[in-house]
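Lettered A, B, C, D, E, F, G and H in written order, each chain numbered from 1.
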């Protein structure tokens, strides 16, 4: 093969690569748009009006997630499945945001942490890399951390909306999450930085609980919060 | 045409261009000076004394805007109108600041978001590119976002000044603004970065409202705020 | 007009702008591709084989320039002409490269400096801003300077290919160019930096001429190139 | 004069210059050492213990300033006074730091802004360039701005130390300073950048005052600091 | 004096300073223009035509230097003489270029190194700092080094122009200069970096002499060159 | 040990370290001065006059090396011997230069490569790290490479001086050196870069030999230079 | 033909000299490379120890965590022992760049554990005291042939590496402070505030006389301090609102522990 | 008290999930770290091979050198085999950053050897064809339990790594060119000039459509080309001075070898 042929060959590879990226970018933009719509639906829980109507907001969000699954389905067709990490940068952030949104919906519905299995079902992806387009564990964790900071905001706003029980429940939930994260050995990467933020969320929520308890407003969930 | 003639001819071009830029720079400096004066007038609303005298500060600012219009008028004469973007960098930042100041005055007067139409009237420019020296939509948005962060400061200071109603109004206003921005599909540019700052303002204001609520200081605006 | 309406309206603006940029980017990519093809054709003059066949390479390049004109024609349709400077960044570099290529062809054909008039004809643009999509004078100059450094390479390689007359002609040409540029009062900008490089080209070519002179090879450009 | 003689003569110049710089460097190092000692003394006001003993810390700092005056006196002897700007880079930063320290002492003693006249007296320099080794106005301003950020830290720590009155006083002081700076037309230089930081200090202190106000703590600076 | 008064007073200082700098910049621009013209006159010595007419070029350059003296005279009026180093950055580079041009003229006229005394006479400045606007010794040396690299170019081009004696003379001159510089103890500053370039010039010129020698073209200056 | 005590202790260490460095710097400056003097002595071999008097120049250089040994002796007293590499940066470059000068003297005297053992004797240092202040092998090699480039210059200048035998001897010597260096595995460090320069020296010398041989000027050292 | 060359001998002198150089350089580079690899291991294990130590704020019995950290640090120390082994008889500074990152991270981890256990700053001596290794004498005495085959090997952390490790420690202290507040611990934040302020004052006492890398870390240190001071401030401000009837509880449960150490006042 | 907590179960769900994550993350980081270490070895050995190969211009029989390089490259390939082993069943791109530097250096070394031997550019296929490894089947089939325990393991160099390696190759070619001139070799420089020009034209054909790292290396490539073109120019210029009576010699001794390949004209 001559030098020219070799470079023509490589150029062909590079062009193909760029085309794939262009295709991926377009689908990802659509996903971002859907994610923004879901966010708008869920944001309303911070306002007194929306706060009182959480179940219907969650239902609406659940509907929008079906659009997500369709778009993710389309995304999968744009590149060979075993090259996931080659293009990871493109969808990483939107997957984190979507995980956050899924986790937020699940939390609002059931006061519990969405599992990786549930998220992948909601987003229409896989848990295992081997099975196909999957959700990276770091992206799952990042999404969960975004939710944590949303919950600290929710704790504040539920007091404004007059719900004094929710902050306590959020506090328990977030503490459990924090214990989970303490088990991990993170590198000095974005996830680590985000996890550092969790400490502030925990702190903020603790302050809300404190404010409520010194005013005798905290409705203690049956058993004692010794800690 | 000899090479020498051609280059002499080209030098004519370059000199003319440099002269235009020099002229523009001078007018822009005058505009910055006026902007600083308006800012000084409006800043006083953060102090208890000024806080109680908002209408007169707004009137004073309105007067100073007439100087802005004169200076903008002069600016327009310095270059051919269709070369707006050739020199945009020169006045971009001062236009954003002036938009902020106009938006702040309007908010203080009427608790409402200044429209682009109002801003251009206050600054003496156009909305439409085609009609003459105009206000770029990105610059309008940047100005609005500067105001948002000023409002979070105002929310804090109105509590200090003993006004417990204003933070709630600001909170509603900022939320509306946030929803508005969520409708936009921003690129990864300076505007996007500024918009990312908005969520801190939103959060800060929510915390002020929270502080008031938990202490029973928040005066509930009569009816429910379904929006 | 409500805030939501206004932002929806603004989103219209922003989308339109992004679409325009997307369109421009695509055409510019095609132009870059064509420019690279022309470059490949012209670069062959540095190879001994191509060196002996300059006229046909120039003809081939001329043909490819008709594709450039078509693409530039398409580019013009993508945005309102008076917003040239709004999008200037997008095509600036490719126009400089194309100017270089046009200047190189013209030099190879006729040993003379392409005028701005000739370049715009070759590229299918205008000289005057007022008449439509034009070639900025700075971009023209940048293109000419790129050619200067290509010529110093050519001086070296023509000796290797056995042509001892060309370096002398290149030397005269480059000296004239250098005098031309010395008439300009350049700011401390990228163009100035590029111009500072010209003196290295001048020196390099003078040394080639020197090497030929001292060996008595610089005299007759007509006699046999065979060695 | 032969070339050798001339260069020998020039070497005399260069050596003399280098000696002067070496001398200056040594005195400046000593000044930096003293500045660090004063800083250590004054920084203790951030500790609860030191906080309660501000007057004695100020006295101690005042004593150390006499060492500064001696060292500055020595510095003056190291070079001809009219060459101040030739060597300005060497002492610029230490003068800014010393101005900060002088301003901090004066503020702690009297809650007021040190004037340029007072600073020069404390440091043993002149106000007017013409009168001798002076304090450049930009360096004075830089020193004042360093103090502003130290004061925002002090506002926070005085609350921790149980003094609820000081933040209010600091807030008023900083606001006055901010108004002062707004009268200046700063270039895009380091001073301007430092001034841009002032608004964060202003905001931080306003938030401290807010925290106190909302809890009804901001009123009486005389009552007990025990908690 | 209130804070406001003080800052107003300081603003006076800052404005005055900015005006001075603006004035200086304008005169320096004119000087740069004149320097470019002198350069154009002298550059012609590198071409065979100009090479044969060196005396008249030198005369023309000498005439242009009278414009330099007028402009320098004007420059002196723009700021107090004892603040030379406060504004040194503004004229430093143009003074170095002018020194180079003066040194080049003198060399072309007399094959000798211009002394600092001669340069200051040609430029209309002083040798001694104390006597007024002077030429810094480092700037004088920088100008001399610029000339050295011009001379290595001249050595090359004189061979092209058929003058085989000049390279030898240049070689001796440059060697003397190199010995001179080796007497200096330079710091690690721009001047040192420029001096490091001198050895390339020395080497280049030696190679020219070598090329002449090996071909028997070097006209031995009669007597032995023991130095 | 309290925090303050710990930092005082560390500060003590740092001060001591700086004092050591200051002491080292002074001795190194003296060494640089001596090195410059030796260089001046040896440089003269490039001029025809000096070229004919090499032995006496070498003797003079040898004398100056005794000053080097004294200064190196002083240097050794400035720091603990086992911390050689802690301060290596300070004397690295001067040791390389001195190695070059020693190697150059030895070459001029005997047409042979100085060994590490000889260099250390000339400089008054050790070969082995364990035995005391030593010469790093990389610094020895760097010094040798500096000499190589000096020799390529010497080859050129000996032709000018009419000695047609020396270039051939240099060529053999340099080729042997090149073979030696090819045995080394260098990192991407300054030494590697310098070694890359050796190729150009070899090339330059080869060109001189070529020039001589095509003119029948090369006096073949007895046996055949088959290569 | 080859036999004819009269310079057949001289070249071999140069060549054989260069063969020695080759040997020397390769040996050095190989050692450097081995040190880099050990240093990476030291870094990773130290980082993991730090993560482990952060768990003390959330577990009931911190002794378990500290014991586990002891084991981990012991393992890191063994790795540093390997570094010491490599450096035996060498000039430590010749290879310093290869392992400085790892050592700094170790100082960070060790000083963090020390703070948690003793609420004081570990000294450089204490750090170094842990880096004394007893060597396998049997295996070594053979190849040392004659030289003092001391059975003890030590590693000396340089003051600068110590300083840089402590500078990084402050980031971990800040994290621990915020976590403590989140866990409702009212005392640790004030202790941390005091400690961090002392370290900060120490660094500003050193100022720019230290190496460049230290100055670079000062900005982060200052930010950490600000975060901790803010946290203490918030604790104090909200503490001011405790209703009268709750004060008694608070004082009995907390003040007793707070005062003796260093506390707020 | 502990027994009382009604949430004794739920937390363990979260905690046990995070224990799985911990496992996953640590496994991944450990693998990454192992790959970094192997990659460093690959880099070093490749660099040494390149140094070795440069000796061809100064020795009488270049086959010895090439054979020695074969052995060295074989050893590098075994290391790459270890990388392939680590990547078995993984997404190569997940760990790409860990070993890209080593692979690029290997491409540089392998393509350099290939050029010396064949005077052509090694293709990506040829590179990859050398990175096929036969595995120890006995040991492996056990732990693979069921999956396709293919006895063949391959490593695929990405086109980008190939391109970056070739970009670096040009620097070595330039060095070889200058050395050849120094050794009086009149042919190799022209061959190298032609080859380098082709590679240069190839890169400028790709232009900025390639990855950013490629564009970054273009400047160096252009400088190398200029040096080689200068060298060829000098050879030609000085060749022009060969006196008539020497031409015959030159032609008989050199032109014969020069023309068939590609030569000057």
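As a convention for this text, contacts are C-beta pairs under 8 Å (C-beta built on N, C-alpha and C of every residue); 3 or more make two chains touch, one makes a residue touch a chain.
Chain labels with UniProt names: A, B, C, D, E, F = Translin.
Being a predicted model, the structure only gives us computed values, none of them experimental.
Steps from chain D (Translin) to chain G, taking the shortest chain of touch contacts, total 1. The rotation relating chain C (Translin) to chain D (Translin), fitted on Cα atoms, comes to 180°, given as a multiple of 5. Look at the CA centroids: the one farthest from the centroid of chain E (Translin) belongs to A. Different-residue interface: chain E (Translin) and chain F (Translin) share under half of the residue numbers found at their contact.
Taking A-G and G-H together, the pair of chains sharing more C-beta contacts is A-G.
A separation of 50 Å divides the Cα centre of chain A (Translin) from that of chain C (Translin). Here the CA centre of chain B (Translin) is 42 Å from the CA centre of chain C (Translin). Averaged C-alpha coordinates put the centre of chain C (Translin) at 57 Å from the centre of chain G. With each centre defined as the average position of its C-alpha atoms, the distance from chain B (Translin) to chain E (Translin) rounds to 51 Å.
Chain A (Translin) has residues 179, 183-187, 211, 215 in contact with two or more other chains.
Counting partner chains per residue, chain H shows two or more touched chains at residues 29, 201, 205, 241.
Under the contact rule stated at the top, the pairs of chains that touch are A-B, A-G, A-H, B-C, B-D, C-E, C-H, D-E, D-G, E-F, F-G, F-H, G-H. Chain A (Translin) makes touch with chain G in their complex at residues 175, 178-179, 182-187, 196, 199-200, 202-203, 205-207, 210-211, 214-215, 227. Residues of chain C (Translin) that touch chain H in their complex: 32, 36, 39-40, 43-44, 46-48, 153, 156-157, 159-162, 208, 211-212, 215, 217, 226-227. Remark: chain H residues 193-194, 197, 201, 204-205, 207-208, 226, 229-230, 232-233, 236-237, 239-241, 264-265 touch chain C (Translin) in the complex. Every residue of chain H that touches chain G in the complex is listed here, in rising order: 29, 33, 36-37, 40, 44. The residues of chain A (Translin) lying in touch with chain H in their complex are 1-4, 6-11, 13-15, 18, 82-86, 88, 112-113, 115-116, 129-130, 137-138, 141, 172, 176-177, 179-181, 183-187, 222-224, 226.
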